[in-house]
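Pasting the structures here.
There are two complexes below, and they share subunit A, which is joined by subunit B in the first and by subunit C in the second.
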Partner chain A sequence: MPTYKAPLTDMQFLLNDVFDASQLAKLPGYEEATPDMFQSILEEGAKLCEEVLLPINQSGDIEGCTFKDGVVTTPKGFKEAYETFTQGGWMGLSCSKEFGGQGLPLLLNFLLDEMVCSANLSFGMYPGLSHGAYNAIEKHGVQELKEKYLPKMVTGEWSGTMCLTEPHCGTDLGLIKTKAIPKGDGSYSISGTKIFISAGEQDLTENIIHLVLAKLPDAPPGVRGISLFLVPKFLVKDDGGIGARNGAVCGSIEHKMGIKASATCVMNFDNATGWLVGVPNKGMKAMFTMMNEARLAVGLQGLGIAEVAYQNGLSYAKDRLQGRGLKGAVFPDKVADPIIVHPDVRRMLLTMKSITEGARALAVWVGMNLDIETKHTDATTREEAGELVALLTPITKALMTDHGFDAANLAVQIMGGHGYIREYGVEQFVRDARITQIYEGTNGIQALDLVGRKMPERFGRMLRRFFWPCAEFIKENSSNPAFADILPNFAKTFQRFQMISLLMAQRSFANPEEAGAAATDYLRGFSLLVLGYMWLLMVKTAHGKLADASEKSFYESKLKTADFYFAKVLPEINARMMNIQAGSKPVMGMSADLF
Partner chain B sequence: MKILVPVKRVIDFNVKIRVKADNSGVETANVKMGMNPFDEIAVEEAVRLKEKGKATEVIAVTIGPAQCQDLLRTAMAIGADRSIHALFDGETQPLGVAKTLKAIVDQEKPDMVILGKQAIDGDNNQVGQMLGALLGWGQATFASKVELGAGSVNVTREVDGGLETLQLKLPAIITTDLRLNEPRYATLPNIMKAKKKPIEPFDAAAKGVDLSPRIKTLRVDEPGSRKAGIKVPDVATLVDKLKNEAKVI
Partner chain C sequence: MPTYKAPLTDMQFLLNDVFDASQLAKLPGYEEATPDMFQSILEEGAKLCEEVLLPINQSGDIEGCTFKDGVVTTPKGFKEAYETFTQGGWMGLSCSKEFGGQGLPLLLNFLLDEMVCSANLSFGMYPGLSHGAYNAIEKHGVQELKEKYLPKMVTGEWSGTMCLTEPHCGTDLGLIKTKAIPKGDGSYSISGTKIFISAGEQDLTENIIHLVLAKLPDAPPGVRGISLFLVPKFLVKDDGGIGARNGAVCGSIEHKMGIKASATCVMNFDNATGWLVGVPNKGMKAMFTMMNEARLAVGLQGLGIAEVAYQNGLSYAKDRLQGRGLKGAVFPDKVADPIIVHPDVRRMLLTMKSITEGARALAVWVGMNLDIETKHTDATTREEAGELVALLTPITKALMTDHGFDAANLAVQIMGGHGYIREYGVEQFVRDARITQIYEGTNGIQALDLVGRKMPERFGRMLRRFFWPCAEFIKENSSNPAFADILPNFAKTFQRFQMISLLMAQRSFANPEEAGAAATDYLRGFSLLVLGYMWLLMVKTAHGKLADASEKSFYESKLKTADFYFAKVLPEINARMMNIQAGSKPVMGMSADLF
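Then we have the complex of A and B:
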């Protein structure tokens, strides 16, 4: 069975030393979010993930969810774990105090999410989807809906779902067919079929609150005619008690490659009673608030898998005795050397480690800015933080989920045949991680979001939210000896990437296919640059702390990992820039018949 | 009904212990620390008694450096009402700890002290017994079940031959064994409430308690590695070797 220890030291390093998360406690409503509170909460959360969620991850994968007569049964132990999780109040960590949550920073929820996903990605889907539904209702629902549904979603007694996809449309939601007919009493009658609905049906909660995209009778065609509805599995009486069964029924569950303990449902809505959330025909907008946060949450799933894959690959590499070092025996007293002596095994481990730790720094940076965007008293500061988050959302989602899959694959490779068989549990990481590159907008869609929406937005203003602080850092530290080996090269790469951004903007303006053909390379290049900036921040902090003897090995490890990142990972950006420069012709020049 | 629960900060039970290079002790720098697991059981038991309405107040106590405050917060997140911290930076040993606890008992006058039977670092298994002697109270060690009556407590103990049930007059000392209960996970709201619960300092020296070590550690070594075994041709040889070489039968 795989093992997992939450990376609490690294989290504390980022929170306290690199980003100074203590400033969050100065924001109104976050007074309790002090560093020692962060630490207590993360420690207890880690315990829960390591001791309650991890032990049912592999068994949940083997057993999977079962479906019989409209009823979904989750694997053994999930119900008890869900109770421990929700009764501990973890569902409400960053939910509003008004509805019974703890009102703590979203940043803290980010870090908890990472740990939950390392321990048990399938389990994380259930509270994760509830969280998304909670956000949409809280931001767009009328007070009456909020008071009726949110408190029990915060306690976890009820869960939530997001019902978007239909059999004939996923990415292009303008095509949906689900109908909503006004019943005249303020409610609507919802009919249609939704597929791929995570947690659409389960045996963990007494009620399930579905958020359903549907079209009103007079709706304009396309995405401008979509409305959002709240459809409970059981109608809720005025006193809050459970009422009659609503016409929202699970037709079947999917048999999937991974996340087998998460029920992926076909949901049939047959004259189900629902209530409008937000404004008629503006459902996509409401859905997008939910989706942006959900995209970040999916990114964290990738980060979680990458971390647990690294930990298991590493412990195998240290324990597995096989052959000898290339220059001769490194541990002559043992029957053979551990495989960590081999350069290629180290290459794999350091690739995993350097991107994972950089990505965690990115998660903290984005999480903090999300909190600043939500809570800061100054409107300009809020806007600027919001622009940075918007820019970094597709990057976070695609970078971290691609890395989750890559890291899981590397763990399998390090473990050889033992990685490929079920017993050690790392092949499960590969299968579980694969979906994260697909749902909440495929990574190709993330790339289009970056080049099509975020890049041109207000003439590149969003780009500057990243380019400016990065340029400033380079300027300020150009004579700092700690950076002598890495900064000059990074500065050159940074310059070139800005030029490439300009070139892309010009070409795309004339021909949108130019943007499309370069999108994935651009997103990947941008991601490598962002990780580079994260590593620069970490190097600066770690260098200043080397004198601290008690944690010396931690900081030394940071600096060595940074060296690897700049020398062996970042250069991929050069190939990406060459690809971008090559333009759209190599991909669009061949007609479809020639394939 | 007031219950006092002493807790100790030890190396986390998951950590692989390493001996210091100079053999003066075990490595504690850069090592994860946590609450002694037996003490966690003691806190849980006290909090359960309070939740059943049998106790009115649970006070967590620790003796050690400033970082021990984390431990007290953990105890309060499980459900202790308040804490007392006797700040001490040196090595703590059973007698000094028992004497400090006696001074705290004199001040707080609890009806019961529930302690872990031993701490997983020193494995001494002495503090509860010493405290009982210093106070002149009855003691029931290695508890696997605690039932509170009026003015007395029935404690089931795990002894070599099986289970033994004792009745003690209150006030009394109880030390916990592993099977007494399974400690809960602290809930998020309780972790947050714990931050607002008070931690009072306790100046042991001012009460005339001498915490300075009386036992000197001469040397600490890793356990010797296991030697290779041998194969015996038959049962008779095995019995012979066990009898005459190993002298175990």
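Then we have the complex of A and C:
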């Protein structure tokens, strides 16, 4: 069975040394969020993940969810783990105090999410979806709905879902057919079929609060005519108690490649009673509240998988004796050397490590800015933080989920045949990670979001939220000897990438297919640059800390890992830039019938 | 359920137009292997794959193999399909006539292998392993063994296995513990445990002929002390009939990520009677006969998966209506456009198509040279062909299996949520393909084989078997207008890659870790170059054929696909060359305890 230890040292390094998360405690409402508070909560969270969630991950995969007569049963131990989770108050960590939450920073939730997903991605889906639904109701629902539903969602007694996809439409929600007919009493009658609904039915909670996209009778066509409805599994009485069963029923669950302990449901809404959330026909806006948070959360799932995959690949590489170092025996007293002596095994490990740690830094950067966007007293600061988060959302989602999948595969590769069999539990990471590249908008859709929405936004203003601090860092540190080996080359690459961005913006203005054809290469290139910036920040901090004798090896490891990143990972950006320059013709030039 | 149509047109194009396989019929023993013969056999093979093997692929994955009391049961329909396969004579297609085979070119077997693995990779394992065992016995066994065992392996009544791996050793076979004690009657008593033995036990054949690596009592340590033994499941009487049960028993089967219909067995040898194949202590040499063929066969598995993944991704992309073209509606009369209008979907499809078709050309090139190496009357020609095959074996194995996995993942990505669920059958391709990057030497081992064995061989002589014809082609076609857009850039890349090869050879001479650290990048870069050369050959042929009105679209498709390859796939080589240039320090500079 795989092992896992939460990377608390790395998290503390990022929170305290690289980003100074203590500034969050200065924001109104976050006064309690001191570094000490962060540390003790993370330690508790780590324990929960290591001791409660990890032990039921592999068994949950093997057993899977079962479905019979509309009832979904989660695997053995999930109900108990969910109770431990909710009773520990983890569900409401960053939920509003008004509804019973602890009102702590979203950043803290980010780090918890990573750990939960390292330990048990399937489990993480249940609170994860609830959290998204909570957010949409809190931001867009009327006070009555909030008071009726949110407190029990915060305790975890009730859960939430997001019902978007239908059999004939996923990405293109303008095509949805689910109907909402006003019943005259302020409620609506909802009918239609939704598919791929995570946690649509389960045996963990007393009630399930579905958020459903549907069309009103007079709705304009396409995405401008979609509204969002709250549809509970059981109607809720005025006293808050459970009432009649509503017409929202699970028709079946999917057999999937992975996340088998997460129930993926076909949901049939048959004259189910629902209530409008937000403004009629503006459901997409409310949905994007959930979606943007969900995209970041999915990115963190990828990060979580990458971390646990690395840990298990590493431990195998240190234990497995096979062959000898290329320069001769490293441990002549053993029958063979551990495979970590081999350059190609190290290449795989360092690829995992350098991207995972860079991505964790990115998670902290985004999480902090999300908190600043939410709580800062200065409107301009809030706006700027929001723009950075908006820019980095598609990057976080695609980069981290692609990396989660890649890292899981590298762990399998290091373990060879043992990686491929079920017993060692690493192939599960590959299967579980695979969905993260798809749901909440495929990574191709993330790339289109970056080049089609974020890039042109106010003539590149969002891009500059990244380009400016990065340029400033380069300028400030150009004569810093700590960066002599790294910075000149990075600065050149950074310069070239900005020019490519300009080129793309120009070309795309004339022909949107130019943006489309370059999107994935651009997102990947941008991601590598962002990771590079994260590594620059970490190198600077680690250099300053090297004298600190007690943790010296931690900082040395950071510096060596950075060397690898700049020498062996970043160069991919050059191929990506060449692909972008090649334009859309090689992609669009072939008529569909020639495929 | 996935669909599949064998790519016969592409195969004929390669056989007849690009490579002129008709020359094989001039080799002694291959007189019957005319283009007509090729075509009719391929058509029959296609039918078998499409109609017999494909329909039991998905059901075989769901049912899997079962194990009880030493007996393995293959999934429903496998026994019948195996009978159809063997009764059609497919097992002996390229086996020697002396033992009842048809003695046809190995190239034909290559193309059959691709089709079989597109239709049903798990099924293909059973005849595939037999074929490897057949080869080793034919090349290294004494006449008595050959006459006793080979005829029934050719008919498929008996099957074969390769028993190498033990719990504590896979790559490093020098560590094996299985013992062989001479019994004084010319036979040996074999004892030990082997793991990951494909087809080690099954219910398809009357007998199973295990080829087992073991150590004689006086064997020198390490790989120089390994011998190869033939150990039948049932002893064979002098009249060829089935005798007593031998002590070779399946202890359990593995639960795996994929190829679930292929039984992966723990084999316990307990004083089993065996016979030496080849020379004592020279078992590795005999094993490499099997291994080299097996590596090429595994490459073809990757190619097969890539083809079927492409076909299914393409058909979804043409059928699925979702969103609109970026320049506006392409089919305004439909509710939405098929997703093949989207540049990013095309990028994925063209990546699959361009590498798959390039890889198929490579398969034909290698297969022909394997036949020339085997049958040509001129010793120098045989040697040169053998050197090319040796050089291209690790490239074929790693390139095609990495691509099979990537292509399967691209198909999943194109299909979104539908790709992730079992129903559509595409996620199975991902799981099945994953093992091909691992078995018969992980792709990291292939890379080491390339840089550590093939590259230094006689000061780069093997490399020149590729570099020379490629350089000649560039020279001959430098003023050919058909290549104006492609060749100048390719020639520059080719030049740079040769210089990088020289640099690597020099560095590695002083420090073998330089070769190790660059190995995977070098293999990948080399592969992209080889595919580039394949595309140059195809472009030249397709250009010459464009006037042929009846098949015009086929040739147009080739030219457009080539455009994509050179513009969007090949550039990766630049990042790979940068990685190689960065040397081994970023990989080896970190001590193991800092990971």
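The rule is simple: the second predicted complex is superposed on the first by the 595 of 595 C-alpha atoms of A that agree within 3 Å, B and C clash if a C-alpha of one lies under 4 Å from a C-alpha of the other, contacts with A are read in each partner's own complex, and residues count from 1 in each chain.
FYI, a contact is a pair of C-beta atoms (placed from the backbone, for glycine too) under 8 Å apart; a residue touches a chain by one contact, two chains touch by 3 or more.
As the structure is a computational prediction, the values presented were derived from the model and not from experiment.
*Asks:* Between subunit B (first) and subunit C (second), which, if any, makes contact with A:T171: first, second, both or neither?
*Replies:* So A:T171 only meets subunit C here.
*Asks:* Which partner does A:G89 reach: the first (subunit B), the second (subunit C), both, or neither?
*Replies:* first
*Asks:* Quick one: is A:E551 in contact with subunit B, with subunit C, with both, or with neither? Answer first, second, both or neither.
*Replies:* A:E551 contacts subunit B only, not subunit C.
*Asks:* Scan A:L48 for contacts with subunit B and subunit C and give back first, second, both or neither.
*Replies:* The first partner, subunit B, only.
*Asks:* In the overlaid three-chain picture, which partner chain does A:Q143 touch, first (subunit B) or second (subunit C), both, or neither?
*Replies:* Neither partner.
*Asks:* With the two structures laid over each other on chain A, which partner does A:T377 touch: subunit B (first), subunit C (second), both, or neither?
*Replies:* neither
*Asks:* For subunit A, which residues belong to both interfaces, subunit B and subunit C?
*Replies:* 553.
*Asks:* Name, in rising order, each residue of subunit A that touches subunit B in their complex.
*Replies:* 5, 32, 34, 36-37, 39-41, 44, 47-48, 52, 84, 87-90, 92-93, 102, 549-551, 553-554
*Asks:* Touching subunit A in the complex: which residues of subunit C?
*Replies:* Contacts found on subunit C: 165, 168-172, 175, 195-196, 254-258, 264, 314, 317-318, 321-323, 325-327, 335-336, 338, 340-350, 353, 409, 412-413, 416-417, 419-423, 427, 430-431, 434-435, 437-439, 442-444, 447-448, 511-513, 515-517, 519-520, 553, 556-557, 560-561, 563-564, 566-568, 571-575, 578-579, 582-590, 592-595.
*Asks:* Inside the complex, what are the residues of subunit B that reach subunit A?
*Replies:* The contact residues of subunit B facing subunit A are 14, 29-30, 70, 73-74, 77, 185-189, 191-192, 194-195.
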